[in-house]
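In order of appearance the chains are A, B, C and D, and numbering begins at 1 in each one.
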């Protein structure tokens, strides 16, 4: 039997669960996981149903579900169990890349890393030691448009489903953000909305906060304002310099990013306006 | 419209969600919350479905659902939105009682406190200031059987649905545990299974652990071994005396117990052998 | 023997610990707790030393220490073990007041509550049940100057050493902030610097953060920008409405505020510019 | 100037801080960090003082401090800033080794990894990719004494100051534990004292706990009973299989072990009977 996942959202009204479960029952599918969230603020229902069936071909199911979807005004997606292909972008800090590589190699990341892109050469050895192609795309103000086109070519070449900015320290153009919309995840090294922008650990030190954190979010044109997928925090105190905050903060970055990538890869993240519904 | 909750468990097989959603659709019910857990270790499905319907009378629904339940071998319960009546037992420490009273008075506890029973007089003022009847039932070795019968009488007199041992420092007899099975929650002042029995903060100090915690669990005849509903922990260090561990630990006790009572009151806790499924 | 606490800060240079310990040795004092922080960013040493001595009169020690202090350019304070007198200000939410009262009554707060001031009448019963004088000072735009003068009179009347804004929902004037500088603590219901200003739980909901928190800080004229003493956080998810965020957030508010008051009362908090050094 | 650290413990009495600071002042040393803990339960003072001095030769200082130490009955150690040499032992799980290698390579671990020993060949590639010698020492019941002797030879050959059991799945003999006393750290994959012994994540699953954790402790002959240096925990729920508990638990293992190694390397951990004093 094959594994499939249906995610959908639609205006709340009676009969939705029944319609979905009837559809799956008629397929002979066996529901293995089912989660739903009735957003009473937005009057919208979000649902994720994982199932096994003799035939779980996403394209076929998508077509067969059309009538039901139309009846309820559903936005929906069928996914099969294919692991998404992930391209990772880095600059000089390797902790998130290192962490993702280990989870991938030991089978705890339900996705496949396919390449690493960087504007620096520093992490080439780490990528290549893991058997990952490393593509160096230097960027400066003048070369940015060409560099971004080059990135899109690489994304296409490696058939990447997801781009992960694992401490990639360049701001993407609005145009690139839009093209990657919904399939690019960034890790920001602060507990957003605090300390947007540059040098957040220095900002955190200056403000004297008692926890630092990290935020994994979808990339949007509005820098550090994308929908938040996951956040992790850790307690700190007055004795820690900005550098020491960064050292302990890195552990939260790696954890938050790894969770966000896993949840995205398993189709557990849905967008609700500017917020996320995460069925973990 | 009335609010109802269906909780059920049964052997896993295809068609369960469909059968339940069809039943509710035929009722004209609107599903407002639905959670399920497919325990692949035990091959059992657990489900909690909250709904609104014109008629959500638990007794009627129970009868009408019988055929469906029989077909799938379901153990099930329909509950209406009635707030359970809670009797609290204490000894001398008042932090959990104080906390539950405040949540009850401010409307954040979906249950009604109806009386306080204690083997000491110390907390009478706190109970009575909250308008709660306070019943003093002293206990010693000789009087224990009579005291426990008196407790059962009080439970009956106040029509209590749930008994909460909020730092009640007497061991209940096996017989009483069995009579209260599934409707008595205890808070133990350690992160179980560590530090069972007496003076857990002293045990924690002697062992030099770096976090202390608290465990809310159903009462069973096997002391400190009942199914765990919730646990909370807090970081501590070598400087803290047993008394200081107790002081910070009390905050975790009150939090864990309040959550456990809330989840139980909302029919969010199901038993899976010796473990709990908590649909919070 | 009497208990004393010396806190000091001064430019870093060799010999400071030696000078302080010699002074205390000559007194016949026994050091019971000693913490220091060498802020290499600011090149400043912060120190807190608790001791017991036959005579620990703060005034005498202050005078005797003058020469040493001058030599090293120290800012310093001797305190005896007197518990500070605390005036609490509230509006309608009682969770922080309720929590502080309990800690005070059970002896886990090293301070004495002396009165409650509010711009509403709602919490009069809670204050009076605890035996605390309740002073109702209504405030509107027109009456604000008079109301603030009345507050200062009450502070003086009750000889309050510390004013705790335990969810007091009025902005204080710059002048009042300055008069209470260093002796007023506020609890803000967000993890600052995120979600300053009004309705932070609604802001947190709209932004879709995955933790909410609370911040206890010294009151300054710059609203929600005072030096942070303590922060606490709790994990939340997409299912929670702003009201539910507020419900779980309240537990973090009470915890963070209680810790901040305790640390302040024990002279454990020192100011380092806009940051705090907390020797807890 | 050179960096030194003095750690000491002695019976509590007046004058200790003064004697130490006078000694350091006479050396012309500048105290950069000073922590002390007055254990009133055991009536013992623990102290750690870091300093810079023109000459911080540990041997010389040790000799010069003898008189002071004798006067106060101190147990003491002077250390210079030499980074300890660490030998890591593993079996098949690589997450802790992987984590320590990264921290070492990026400069956030104040110690030097010098070799990896394993009873399996699985992690040879990981060690060798990091440039670390990998020594395979197979163990079975019959070969255990010889294997342990071989390990001691390797410890000596690499002049290892510290042995880290980073998920080494063999029980050490009492004799080996004693020989490595105070210089071997183990990570146990549970929140001790819960779930000692084999397969703790399976035990945790069976008991239905709501957090799992990890414990870094000094190795003693009494298995899983050594003095605890650090513990980390993470929230889990009923849905997680033992394997999923292990996956999230591994993150806590790596974190707790890395902190314990760091603190040990910086002479921040002192023994107080069966407990640790950790001046982090």
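Methods note: contacts are C-beta pairs under 8 Å (C-beta built on N, C-alpha and C of every residue); 3 or more make two chains touch, one makes a residue touch a chain.
All values reported here derive from a predicted model rather than from experimental measurement.
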### Summary
Between chain A and chain D, the fewest touch steps amount to 1
### Message
Looking only at C-beta pairs that count as contacts, which pair of chains has more of them, C-D or B-C?
### Response
C-D
### Query
At the chain A/chain B interface, shared numbers over all numbers used: above half (same) or below half (different)?
same
### Query
Hey, which chain ends up farthest from chain A, C-alpha centres compared?
C
### Task
Go ahead and note the Å separation of the Cα centroids belonging to chain B and chain D.
41
### Query
Whole-Å distance, chain B centre to chain C centre, using C-alpha means?
36
### Query
For chain C, which residues are shared contacts with two or more other chains?
none
### Task
Mind listing the chain D positions that touch chain A in their complex?
94-95, 98, 102, 106, 108, 129, 247, 251, 255
### Message
Under the stated contact criterion, what part of chain A meets chain C in this complex?
### Response
37, 40-41, 191-195, 205-211, 213, 227-228, 230-231, 233, 237-239, 241, 272, 274-278
### Query
Along chain A, where are the residues that touch chain B in the complex?
13-18, 21-22, 24-25, 28-36, 38, 235
